[in-house]
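Both of the next two complexes hold subunit A, though its partner changes from subunit B to subunit C.
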Partner chain A sequence: MAVITYRQALHDTLREEMLRDEDVFLIGEEIGVFEGSYKITAGLLKEFGEKRVRDTPIAEEGFVGAAVGAAMLGLRPVVELMTINFSLIALDQIVNHAAKIYGMFGGQTSVPMVLRTPGGGGQQLGATHSQNIELYYAFVPGLKVVAPSTPADAKALLLASIRDNDPVLFLENLALYNTKGEVPDVVEPAEIGKAKVSKPGTDITIIGYSRMAMVAQQVAEQLQADEGINAEVVDLRSLRPLDRETVVESVRKTGCAVIAEDDWLTYGIGAEIAASISDGAFDYLDAPVRRVAAAEVPLPYAKPLERAALPSAESLTTAVHQTLEAVGRRR
Partner chain B sequence: MTEIQMPRLSDTMEEGVISTWRKNVGDQVSRGEVMAEIETDKAIMELEAYDDGVLEKILVEAGATVPIGTPIAVLGDGSGAAAQAAPAPAAPAAPAEPAASTPAPSAPVAPAEQGAKPKASPLAKAVAREKGVDLATVQGTGPGGRIIRADIEAAAAAAPSAPAAPAAPAAAPVVSNEDVEEVPLSNIRKVTAKRLTESKQQAPHFYLTSAIDVTELVAFRANLNERLQAAGGPKVSINDLIVKAVATALRANPAVNVSFAGDKMLQHKRIHLGVAVAIENGLVVPVIRDADRKSVSEIAAESREKAGRAREGKLKLDEMSGGTFSISNLGMFGIEQFSAVINPPEAAILAVGAARDEVQVRDGEFVARKILRVTLSADHRAVDGAVGAAFLQQLTGLLEDPIRIIA
Partner chain C sequence: MAQTATRTKPATRGTTKPRRGSVRRGGRFAGESPELLQDYFYEMTLIRRFEERAAQGYTQAKIGGYCHLNLGEEATVVGLMRALRKTDLLFTNYREHGYAIAKGIEPGRVMAELYGRTTGTSKGWGGSMHMFDVEAGLLGGYGIVGGQIPLATGAALAIDYRGGDQVVMCQMGDGTTNIGAFHEALNIAALWNLPVVFVVINNKLGMGTTVDKSSAESELYKRASAYRMHGERVDGNDVLAVRDAASRLVEQARETGRPALLEAVSERLKGHSVVDPAKYRSEESVEQAKQADPVANFRAELIEAGILDEDAAVEIERKAQAEADAAVAFADDSPHPDPSTLFDYTYATPVANDSRRLPADPVF
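Now for the complex of A and B:
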């Protein structure tokens, strides 16, 4: 078992899948000659040639549309959108075409494409380049949306996404690229739509995905070490399909929950999770479900303001404390 | 098509028995018509149709016990009826409003919950149900006084041993013995067990006994009955006179006519007396409302009528709920004296024994008198010893000078 970065896990997986299946090809801005803005595709142009690693003009709607067409005809495109913010340009192709073609044409053709794209704030890239707009896509039936938090999950879910016959939004987070984790030598494709209990516990459930799943894991370990609080962490991994069962089962066990998300609070993923908890674990709740999310502002550029606007280990810890106080398990 | 579900007919009801179906499959049913009789933990209630339609299916046969919310029948336009279809009615019952939304008649535990409903987390409520803890008796420590699981667990732990006695009996000895027959608990027995266990666990009982000279009362009653009979009225019993006297004494001692409700006391302004009646498979307590404002004859007639219906299981729920004080009389069995368990959420109960001939010393002389012993069990959280004693003193005075009972 090797310890590698999230970035490396993505790179290795793309390469392995291209070697395994010659229908898999990469398409996007600056992925070839420049080897990707975040170097995920380093070396792949040299290895696989221009036919399978295609640089495109700055025209998201165009190349996403091309990928949809290629997928309909049997190829397996893996699109890199430089950041999720640019996916808005291609929104029509993603929401109106990729998501709907299978259903609208009675299953005659499917769209086996993957849209890889990083999002998230914290890099001082300004409001338009620091968004967590995964909700826009998780909202749409016909799309699958995954958001792995660890290198091993990144690998297992990217394998699954490439081999899936439906369009999959594969969400990365800029803050995760350099994080490291153990990746088994042989990784099986993950089941899309299955959450993971990344730390079992009994006192409280913390639910997160992507960067906040990692923060939740750190907070839970810290609370265990410092205060003996035994929190359970649920890493959603997939936002659509959403694994409500694992969440509900965990909350039924612990009796209270905090949801951590990098996106905005109002109407957010956390609201959906809270509704699921209310539906499936109402009689098991000892306190209202609490949510930790980003401040509802366009993310500021100034570093201290940007820090203050994003949810952090501290804000999550505070929310856990408040919830535990509400159920009398902390003095 | 409307699915009819086992309704929740009382707060304590968890399951019900269909005692009789009054309608058959294929029968036309109109809104408000009685479809079935349902035996709850306390009473037999009528299940009325909430829609017009045809009874298409009976899903639960008479005699079966099912949890509330279980579908028990299907009401439709007749097209699905197994039997020869009655003429199809105009419109099938509109929205599938399950019968479960039947507004429950005033809850049996009403007095304790007369104030604002205690705030409790869903988990606390679930654990309270499981452990048989009355939320009204628990002080919440969560935000805004919300009752949380920890509070229920503390309350359950404070009540010594036997958690949720009836719900989870300690592993019973294995019954492989042919000398022992397993008898399933009737609903009424289950509820009695649960409520009385709660009462003994949660209410700190204390007991006060008085020996009352009822020589005059017995003579008074004979005299009274002669007159009533001459006037064509029904007779009154010693118990009826005791009921009236208790009501009068409670009026003078309102501090006994209370309920303990966690962080507050409920002072009942009206006097509703429960009179315990033993029935074949348990104990029910019909309530005589405003007993202090009724005449002894009225009390006599009402108790006789209610006790009769209680034995047939025909008492309605609201006739057994809302008592503020109870009386339990075992005198007819020759019991000299006993202590009764308080019927929550009431704060006290009077146990009445048999009137016996005894020798007393009066002015240095032995005299034969009829003596009746009564024992007041009171919840010390709500009633103090002196308060209970003053009440008993008043009651004794009334019973020893019986003309005052009807005054």
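Now for the complex of A and C:
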């Protein structure tokens, strides 16, 4: 068992899968000579050559569409989109083509493709480079959307995504790349569509994904250590399909829930989770479900404004306290 | 103002000496096999009759949705498909019934798809705009204007990646050359030496907007020069000219891996789709399209050249009508998809917690 960064876990997985399967190739902006904007693909051009590590023009619709076409013929392209913000330029190829080709042709061909892309704010990148727009993709049947929060999950889910026969949007977060965690020497592919209880508990359920799952874990451990509050943390890991069962089962046990998400509140992922809790655990609820989400503004550049807009360990802790007070369980 | 088509010279490829059993007299049929010419006439007529039956099926409400017909473009369709090997791959836009037939799919299966039946090319999931058949090499009709162009480029990338000798043909309409995907995909195909022939069917109308109102350079083949790609224009009403030009570009792509752009100038006999009465068209434009009717003109030419007599032409037309009628009968007799198969084609690799909820079902 080694302790490595999230970045290293992604790099190692890409390399191992390329060694394992000749059909796996990488395609995207700046992934070769430049070694990737976030250095996930460092060294891979040198090792595998231009055929399998393909630098593209700045033309997202063109190269994402080309990856979809190559996947239709059985190759396994792993696309790097420099940030999720640029995926909007390729939206037609992702939503109208990658997601639909298996269905609209009656299952005759599929699109075994992975779209890796980081999102998230907190780096003072301004409104167009700090978005959490995973909801746009999680809304679409035919796509799979995964959002791992730890290095071990990043590896297990990337393995599963590359070997999957459907288009998978693989969400990374800029804040996660340097985080560290234990990764077993041998990692099995994760089961896409399954959430994980990353910390069992009895007092309250905290639900998150990607960066906010990591923050939820830290907050839960802190609350346990400081106040003896025993929170259960559910890391969604997959936004489509969505594992409602694990969420509902947890809330039935704890009787209350806080959802932590980096995206905007209105219509966000948390809204869907809250509706699921209402559908499956209404009679078990002791308090209304709370959501901690980003402020509904285009994310500003100035540091104090950006900090105020994004959910944090402090805002999540406050929401947990308020919920526990409402149910009379705060010690 | 509509562009005037320029007819390209007859084929320069191969020998000019008449083959055995070929037309010996001079003129544009010199060196052609009479059987092949009759075969082209049959296929063009079949597509014409098929599309007439499709229009009829639409008015009878047996066909729903949109229905874009190939009426007036039969010479282009047949000429292009004769330039491809069976193993070559074709991506088209939504106006693809004729292409599906000419690429080798049974007309019955094409009609069954229009009828939304399980025996259709996409098992009833696609309809008019989304036909597909791996064996015939039709990798799909696509409904979003230009959406197919990056896909075709990617298919050519896969062929190149594996060292295969197939060529990809990517068909589109004139309006498509103004969208970003066209330019991005042509640039990528040229940069990476991919074996794909882009074909623009210029019928001078993008729905109701004329090509000179939508394209700053309305001689569309010239756009190839921006990508250092060979571009060429051909008379889309001449099946032989289309076949010869397409054959040259396809074989060149096969040998060199270089992409090319072919513009076939054609006419649309009817509206954009079955429901479009084309009121925006001038009488002059409609008359010009009628005069250019490739099926009627090819028939007259074959008779004039002594390749067909009137009786033989009528016999071919009778056979084509019978095959179109048989396609309708096949579609009519085919089963509708069972609603229990609704969730069969969301994902190729099944995963945990995939929703199979029907509209009124509770979530839990």
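Please note the rule applied: the second predicted complex is superposed on the first by the 330 of 331 C-alpha atoms of A that agree within 3 Å, B and C clash if a C-alpha of one lies under 4 Å from a C-alpha of the other, contacts with A are read in each partner's own complex, and residues count from 1 in each chain.
As a working rule, a contact is a pair of C-beta atoms (placed from the backbone, for glycine too) under 8 Å apart; a residue touches a chain by one contact, two chains touch by 3 or more.
The model shown is predicted, which means the values in this text are computed figures rather than measured ones.
*Asks:* After the superposition on A, what does A:Gly62 contact: first (subunit B), second (subunit C), both or neither?
*Replies:* A:Gly62 contacts subunit C only, not subunit B.
*Asks:* Who contacts more of subunit A, subunit B or subunit C?
*Replies:* Residues of subunit A touched, subunit B against subunit C: more for C.
*Asks:* Just to be sure I read the superposition right, which of the two partners does A:Ile192 touch: subunit B = first, subunit C = second, or both, or neither?
*Replies:* second
*Asks:* Mind working out whether A:Arg244 is in touch with subunit B, subunit C, both or neither, as first, second, both or neither?
*Replies:* A:Arg244: touches subunit C, not subunit B.
*Asks:* Per the contact definition in the header, classify A:Gly142: touching subunit B only (first), subunit C only (second), both, or neither.
*Replies:* A:Gly142 contacts subunit C only, not subunit B.
*Asks:* Looking at A:Gly228 after the superposition, I want to know if it touches subunit B, subunit C, both of them or none. Which is it: first, second, both, neither?
*Replies:* In the superposition, A:Gly228 touches no partner, neither subunit B nor subunit C.
*Asks:* Considering only the touch criterion stated at the top, classify A:Asp92 as touching first (subunit B), second (subunit C), both, or neither.
*Replies:* Touch partner of A:Asp92: subunit C, not subunit B.
*Asks:* Quick check for you: in the superposed arrangement, does A:Ser110 touch first (subunit B), second (subunit C), both or neither?
*Replies:* Touch partner of A:Ser110: subunit C, not subunit B.
*Asks:* Where on subunit B does subunit A make contact in their complex?
*Replies:* These residues of subunit B touch subunit A: 121-126, 141-143, 146, 148-151.
*Asks:* What residues of subunit A sit close enough to touch subunit B in their complex?
*Replies:* Subunit A reaches subunit B through residues 255, 282-287, 326-329.
*Asks:* Would you tell me which residues of subunit C are touching subunit A in their complex?
*Replies:* Going through subunit C, the ones touching subunit A are 91, 120, 122-126, 130, 132-134, 139-140, 142, 144, 147, 149-159, 161, 180-181, 184-185, 187-188, 191, 344-349, 351-355, 362-364.
*Asks:* In the complex of these two chains, what residues of subunit A are touching subunit C?
*Replies:* Counting only subunit A, the residues touching subunit C are 25, 51, 56-57, 59, 61-75, 92-93, 96-97, 101-110, 112, 141-142, 144, 164-166, 191-194, 238, 241-245, 248, 275-276, 279-280.
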